[in-house]
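Both of the next two complexes hold chain A, though its partner changes from chain B to chain C.
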Partner chain A sequence: MKCARCLFQLQNLRWFGPCSAVARVRLLQPCPLQMQELRHFHHSRAVLKIRPTAPVEFIEDKEKNKKPIVQDDLFERVAKKNKTKATFNRVVDVFTKQDVRRRGHVEFIYAALKKMPEFGVEKDVTVYNKLLDVFPKEVFIPRNFIQTMFNHYPRQQECGVQLLEQMENYGVMPNVETKVLLLQIFGPKGHPMRKYQRLMYWFPKFKHVNPYPVPLQLPEDPVDLAKFSLNRIADDLDAKITVYQMPCTDLNESGQEITFPHIVGIQSPSQIDLLAKHNPKRPVFVEGPFPLWLKKICVYYYILRADPIPPEEKVEEPYDPERCFDYPLQLDLDLDRDLGDEENFDVEDLDEGPVFAMCMTNHGDQATLNQWISGLQETNPILGHIPTLFRLDSGTRELQVSVDFKPGPNQEHQESKPETEERTAEEVEEQPQIRHSMKQ
Partner chain B sequence: MSLAQISRLSVTQLVLRSQSHHLLSSVYPLIISKRTVIQEPYRRPGQPKENKFPWEKINFDLSKGLKGIKKNFALLKKEFVERWVGPEGKPIIEHMLEQNRVVWEFRGAESLEEWTVSSDREIGGQSEAYVKLGRNNNTCLLYGTLRSTPPRDGETRYSGYCTMRSKQQLASFDRKKHFDWTSFNTLHLRVRGDGRPWMINISCETFFAHQKDDIYNYFLYTRGGPYWQDVKLPFSKFFLTHRGRIQDDQHCLWLDKVNTIGFTLGDKVDGPFQLEIDFIGVCKDYAHTEEFAYEVYKRNPEV
Partner chain C sequence: MNVNGILLLSKCVKQTGKRFLASHAGKQAVLLQQQQKRSFRTQSRQLAYAKDLFMGQVNKKEVFPFPEISNDEVEEISQLVAPVEKFFSEEVDSAKIDREAKIPPETLNGLKELGLFGMQIPEEYGGLGLSNTMYARLAEITALDGSIAVTLAAHQAIGLKGILIAGSEEQKKKYLPKLATGEHVAAFCLTEPGSGSDAASIQTRATLSEDGAHYLINGSKIWISNGGFADIMTVFARTEVEEKGVKKDKITAFIVERAFGGITSGKPEDKLGIRGSNTCEVAFDNVPVPIENVIGEVGGGFKVAMNILNSGRFSMGSSSAGMIKKLIELTSEYAASRKQFNKNLSEFGMIQEKFALMAMNAYVMESMAYLTAGMMDKPGLPDCSVEAAIVKIFSSEGGWICVSEALQVLGGVGYTKNYPFERYVRDCRILPIFEGTNEILRMYISLTGMQYAGKILTGKIKEMKKGNIGLALGMAGQKLRAALGASVDYGLTGKDGVVHPSLATIVDEQLVLKRVADVLINLYAMTAVLSRTSRSISIGLRNHDHEVLLANTFCTEAHFKNNYMLTQLQKHAPENNDANIKKIATQVLNNRAYVCSHPLERTY
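Presenting the complex of A and B:
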C-alpha cells in the first residue's frame, strides 16, 4: 500500500527522534491496520517530535472541574499577552493532553482555525499539520464499501475539509506529512484526501501563471519600493531610475522639523527623444496620483504627459536607411494583404498622447512635483520652455484629456475636463520665467 | 453545499496563489443542504421564499407589448435581410477567412448597455462597483471599492467581490443568440488595470439544467501603470468551474455557442480598484496548437 511508502519516506526525512527499536520494527510492517500490537491511535508516528516532550504545564488544573465548552476561551486563557506560534502550539498540546478520547476536537479545530490569523500562523504548514494531529487516528477510516459510500463520520470529514480549505485560502502548500496524517485519520478515499489531491493538482499549475509576478517579500524601504514599482510600470527595460531626493528631516529657520519626502523618477531614452521633439507651444501635464496595487499595498505614481498631436501637425519622419544595414526598414512593394492575412484588429488606435516620465513620491503636492520637474530638466532642457500644468485631483484616476484644446498657456483655465467623481482639481500654471528663477 | 462540492477547490483562491482571492459564500457546517438536492438559485439568507406560480411573475402591460412587437419585428426583418448578404450578416468570404474579430468595443454610451455590473451588495456586503465611459468616450472604466467584511446573516463566510458581465444577446422574439468563435482560438483584450488580479469568465450554452452555472475561467493579471496592456489568452487555457469551484472533470471550452463573458475581482484586499477596457476581440493564433491545457486523470486516483 502506498501509505506505507509515505510513512517510510517520512521516516527518512525526519527520523532522529528518541524511539524504541520496537517502534521502528513496527513501522516496517506492510499494513498498519493488521498489526497486533498497541496501535498509535492518538499520537501519529508522523509527528513525533525530535526533542523529548517537555511536560506541558497544566494551567487549567484548577479549572479542570469546569468543562471548557467554548473552546475559544482556551486560547484566550493560555495566550494572554503574546500570541505567537509557540503559544499556539502550546494550546494545541494542552488540548491533546487533556483527554485521551479528544472529546470536542471538531469544535476545537474550528476555533483554532478561526484564531490562527491572530496568532500569525495562518501561513505555516507545520501548524496545520499539528492541528490535523488533534484528530484521533484510524477511528474514522471506513472499513467496507458501504461506509465509504455514506460519508463515514461526516462532521469530522467536513472539519478536515475546512482545515484544508483554510490552507487553500492562504495559499499554503501542504506537504507529505499532511498526506500521511490524512491517510491515517480519514483513509485514502475520504473527502479530505480528495481535497488534498485536488490541491496538489491545481496549485502547481497556477503557481507561475502571473506574467508580472510580485515577490513575496516586498521591500520595506519606500525608496526601494518606489524603484521596484516604477520598473514594473515603465514597460521599457532601458528605462533609468533617478532618485531626486531621499527622505530626510530638516530643521526650519524657526526650529520646526520639515520632512522631505522621497522623489524617485523614471525615464527611458525613447521618452527623452519624444520630449525633445515636443512642440514647446503645447503644454505638458503632470497628472496623478494614480494607484498601483502590489499585493496588499497601494502606491501612487505621477506622470508627465502631453496631449496627442493633432493630425495636421504630425510629421512623418522617413526612416533613416543608415540605421540598419542588415535589411531595409521600408519596402515599397505593391502587394495586397488578403483577408486571411489581416493581423490587426479593426479598431481605431487610441492615441492618448505620449507619456514622458513617471515618478513616485510620498507626499504629492505641487512643491514636491516641481522639484521633480526641475530634476527632469537636467536631462531634458526643453522642459524649461514648455508650460507645465498640474492636475492633481483625488478622484477616480483616469488620464484626463482636454476636449477642446486652445493653444496658448493663458487660456488653459477654460479647458473643459471630463467628469470624475470627487474632483478637487488644482490647476496651476507655471510660466517659463518662474521656472528659470526657481532653477537658480 | 455537500462535502463533495466543498472539497473542490475554490476558484478565486488560486488567483492569489500566484499573485501572492473570495467568491461568494461558503456555507458553514451544513453538510447536506436542500440546495444540492434540487439546484435552486441563490436565495439571500433571511428572505422569505417566494411562493408564486411562474405565471404570476409576468406583468402584462400594453405599451410594453407594443414596444416589444416593434423591436422584435425589426430584428426579424433584419435577420431575413442579412441572410441575403451571407452567414451572420457578413459576406461568406469574410466569414470564412476572418482572423480577427472585435467583439466588444466601447465607443459610445450604448456599448455600456450591453453589460451588467454587480458586486456583493446583493448578498449584503459593502463593496461598490460602477461602470462608466472613460475619457473621450472611448473606453469603459469599471471602478469601485472592495470591502471584504462578510454580511452578518450567519451563513456567509467570505465576501468582497465585484463583477461585470455581458448581457445575453437576443435575436428576434427573445431567442438566445450565441457567439460562434470556432474559427478563433485566442481572446485578445486591451486593458489598463491597476495591478490587481482579475478573472475572466466565459459562459457557454449548455444542455442540462444543472449545467446552468458552468463557467470557464482564467486569470487576467494587470500590470498597472499608464500604458495599455495587450492580453492574449488562448481558449485552451480556460478551466471549467461550477459555482466557483473547479471541477474534476475538465474539458476544453467549446466555442460554437458562447453566451457571455465577464470580469471578476475577488482578491481579498480592501480598497479602490479600477479597470479600463479598450476593446475585447478574438483572433486566430496559428502558432498556438494546444487543444487543452489540463490533463484529466482517473476519477478515483490512488493515493
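Presenting the complex of A and C:
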C-alpha cells in the first residue's frame, strides 16, 4: 500500500512538473534530465508571462535554504509553550495578516502541514480549511482552456494536493467549505479539485468498511477500556462481564502503599456449560498475556483454556428415538455402502481446545490471576476440582516499551506512520510468544 | 446405493404431482384409470395413504369412495346435532365469555347435560360412544365458541384419551363414567417450562415410595388447559427404569387425581384469544400416585403421549370448517347490504374473491376432515397420524387466512368489539400453535414419510443384491424411464452416483422438509376434494355442480403451487432462495437486531 502510494505520488510529481514541493525533490533526483524536458513541455506560456521573474530552480533553492526555516520559526515564536488548536490558528492568522500579498504562502502551508500533528490538529477539518484559506483566491484559476489543459500554477496546485493528501492520510473527510475554498482558489478543473473529488468518491465508501469499528475516543478508565476490549474479543452477546476487583490503593499496616490492580473478566453462558462438562482430571491453563491493539493502544488479556478433548474421551450422545414427541430426530435408514461409493469426504477438521473465560488486568502476575480464578469459581464451582496451571509470559515489560514507543513525527513518510508503528509493535509482540512456545 | 432410494423417493412425489395434474380438471376418472404402479411390498399391508404417497403410490382403495356413514348413523347424528346447535345459538354468549375470561357454570352444565364431555367415551362407560366421524360433526358446532371448543378438546381429545386408548379395564371403569358426565374434568399435563417437544428435558420426576405402592410426583407443568379445575390429569413424568441391568430415565404416564393432594394450580394465563378457556401452571409437590394409576407400563409414557397427540388432531379440520361456514353467513349478509358508489359490496371483484376463498377453504377442510375421520373409523388398525397432521396444518392456516379476510370484508367495522370478527381472529390465532406447532408437524409429515419410504427402498435394494431378478428388472425399468427424460436432478447425487453428504443431515434441512410437507399437504387436500366431489356427482347430491367448481378451482391452484415447490426443490433452481434466506437470518440473528442503517443516514 505504501509502495502504491509512493508510485502515485511520483506520478503526481511528474505531472506537476519539476517545480514541485521541496521535500519531494530528493525523491526525484535519479532522473533530473527527464524532468527538465517535462518542465518545458508542461509549462504554459501564460505562466511564464505572469511570472517571468526568476528561473524555477532558483526559487526552489531559496526555499530550501531559507523559507521553511522562517516559517518554522513563526510557529516556534508564536506558540512557544502550549501547542493547541487555538495557538495554531493564531499562527495562521498572524501569517495572513502579515502581508497582503501572502508572500511565501506555499512554504508556510507546507510548514504548517508538518507542524499539525505537533499541535494535535491533524484530524481537524476546520484547521485544514483555515490553511486552505491562506491561498489567495481566484489568482490561480485558469482563464482559458489552454491554461486548463496544462499545469497552471503547478507549485500551488501541488501544495493544495499535498494538503488534501494529508487529510486523506489522517482520514479527515473534507466538507463543503473545503470544496468552496478549492473552487475559489483553483477553479473547478484544477488538480486539487480532482483530488477532492476522488476523496469524496472513496471516503464514504470506505467509511463503514470495518464491521468492527473502534471508536475514535477510547475510554480513559482502564476498567472501562478492559470492558470494551473484552466485549470486542468475546463476540458473544450473552457474555457477561464481571469486575472482580476495582483498582484502588490502600495503606497496609506498616504504612506502605499497596495498589490493587483491576481484574475484569468475561464469560458467556455457553462457556460456563463447557467448563461444567470439563473432565476434572485434565488440567486447565491460564495463558497470556496476549496483545489486543485498539488503534494506538495495546491492551493485554489472559485466557482460561484447556487442551482439545482427545478422541478416546469424546462421548457421542447416542440417538434416543424417544427424544422428540412429534417427529423423528434422525432418519433410521438402513443404508449400505456400495462398491462405487466414496467412503470419506475430505473435510479438514482441526480440533481446537475450548476457551472457558477471558480476563484483563494491569498486573499479570500469578497472584492477581489466581484472584480471577477464585472469582470465577463462584459461577463455576467445578474449577475448585480442576488443576489449574499458569503459563504466563514475562513479556509484559517489553511490551510496555512498545506502548510508550512513539516515533517522532516522520517528516518524509507521514502517511505511513500509523502502520509502521503498529507493525513494529506487533513484531515486539511476537517475540515473547515464540520464546513461550520454546519454553514448553 | 442410497442415492437411488432418495432419488426415487423425490421422483415419486413429483410423479404423484403429475398425476394430479392430469386430474385437476375434475376428471377423477383419469385418476382412477391411472396405471397401478404397485411395487412389491416388503411390509404387511397397512392402512396408510399419505405415507404411501412418498413411495409414489396412490392407494385409491383407502380414499375412494369417500367414506359414508349408514342411514341409522345419519339419523342419530341429526338428532344429536339439533339440540347442540340450539344450545350454542341460544344459550352461549361468546362475547361475555370472552369479556369475562370465564365460561359461566350454567353453560358448562348445559354442555354436560348434552353429553358433550363424553363424546368419544364408549356407551358402556356412560359416554355417547361417537365414532370419529360423528365427533368431527359435533366439533363443527362446538367450534362456534373457541373457548368452549378448547375446553372440550383439552378434556376429551387429549385429557382423557390416555385412559381411553392405553388404560386398563379397571382404570376405565373407575374414571371414565365420571369423566363422561362431566362430573370430573380432565387435563393433559406434558409441557414444562424447559420442554415442549423435547422429552429429554422433562424435569418432573416420579419416584417409587419405599413400600413400593406409590409414586411420588414432583415438578411443575405449564400451559395446562383446564389446569385450574381439572380433577383428573394425565401427567407425564420421568421414572427410573432398569433396562438390561442399566438404570435409565424413561417417561411414564400417570392418572393423577386432584384429590391425591399436593397439587396447586397457578393463576390463569391472560391470553390473546380463547380467553374463556382456563390455562394455567400446575405444580406437583410430592403427589402420591398409587402404582395402579400408571397408564400402560412404566417407562412406556413416550408412546402413550405420541399416540394421544397424534390422534387428537384430525378434528380441527371440521372445527375450522364450521367456523368459516358461520363467518361466510355473517359477512355475506353485510356485503350484500352495504352500498358504495351505488353498488353493493358484493359486486366488487376483490370482495368476491374473498368469499370464493372462504368457500373453497371450508370445502377442502371439510373434505379432508371427514375423509380422515372415515379412514380412522375403518376397521383394522389405522395409521392416520400423518393425515391428521396434514388436516391440522391445512385447517389451522386456512382458518387464520379466512378469518382475517372475513374481517377485511367488514373493514373498520370488523375491527371493533361490536362485532364478533375480532374475537374470531384472536381465537383463531392459537390454531397454528397448539396441538403441535405447524412447523413441528411439517417436520413430522416429511420425516415420517421419508423414514417409511426409505426403509422400504433400502429393503428393496438389499433384496436386489441377494439376486432377486424380478426386482432388479423392475428397478432397471424405472431407471430406463428416468433416463428417457422423466427424471429431475434434485442435487442428491454427485459424480458417479455418490451420495450427497447432505443426505445424512436431511433432518436439518428444514426448508427442504417444509416444501416436501407442503407438497404432501396439497396432494392430500386434492385427494380429499376429488374423492368427495366424485361421490357427490355419483349419488347426485344437491348443488354438486358447485362442488365440482370448487374442486376444479382448488385443484388447479394446488397443482400449480406444487409444481412450483417441486421446481424449487430441484438442483440449482433459481426459484430457490434458501441459501440467501438463511444468510439473511443468520446476519440478523447474529446482530439480534435489524442490520441495515437508516435510509436517512449520511456518510458525509
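For the reader, a short list of remarks on this structure follows.
In this text, the second predicted complex is superposed on the first by the 294 of 440 C-alpha atoms of A that agree within 3 Å, B and C clash if a C-alpha of one lies under 4 Å from a C-alpha of the other, contacts with A are read in each partner's own complex, and residues count from 1 in each chain.
We take it that a contact is a pair of C-beta atoms (placed from the backbone, for glycine too) under 8 Å apart; a residue touches a chain by one contact, two chains touch by 3 or more.
Note that the coordinates shown come from a computational prediction; the quantities given were computed from them, not determined experimentally.
In the superposition on chain A, A:320 makes contact with chain C only, not with chain B. In the superposition on chain A, A:312 makes contact with neither chain B nor chain C. Judged by the touch definition given at the top, the superposed model places A:332 against chain C, while chain B stays out of reach.
By the touch criterion stated above, A:169 is placed in contact with chain B alone, chain C being left untouched.
Using the contact criterion defined above for the overlaid structures, shared-chain residue A:237 touches chain C, although it does not reach chain B.
In the superposition on chain A, A:220 contacts neither chain B nor chain C.
In the superposition on chain A, A:203 makes contact with both chain B and chain C. With both complexes superposed, B is the one of chain B and chain C in contact with more chain A residues. Residues 203, 207-208, 338, 340-342, 345 of chain A contact both chain B in one complex and chain C in the other. Chain A contributes residues 2-3, 151, 154-155, 157-159, 161-162, 164-165, 168-169, 171, 179, 183, 188-189, 191-195, 197-199, 201-203, 205-214, 216, 229, 232-235, 290-296, 298, 301, 303, 305, 338-347, 350, 355, 358, 396-401, 403, 418 to its touches with chain B in the complex. If you check the complex, the residues on chain A that touch chain C are 173, 175, 200, 203-204, 207-208, 237, 320, 322-338, 340-342, 345. Every residue of chain B that touches chain A in the complex is listed here, in rising order: 3-4, 6-10, 13-14, 16-20, 22, 26, 29, 31, 93-94, 97-100, 102, 105, 134-136, 138-139, 141, 143, 188, 194-197, 219, 221-228, 246, 248, 269, 271-274, 276, 278-279, 281, 283, 294, 297, 300-303.
Residues 1-2, 5, 190, 197-200, 250-251, 302, 305-306, 309, 436, 440-441, 443-444, 447-448, 450-451, 454-455, 458-459, 461-462, 496-499, 501, 506-507, 592, 597, 603-604 of chain C are the ones that touch chain A when the two sit in their complex.
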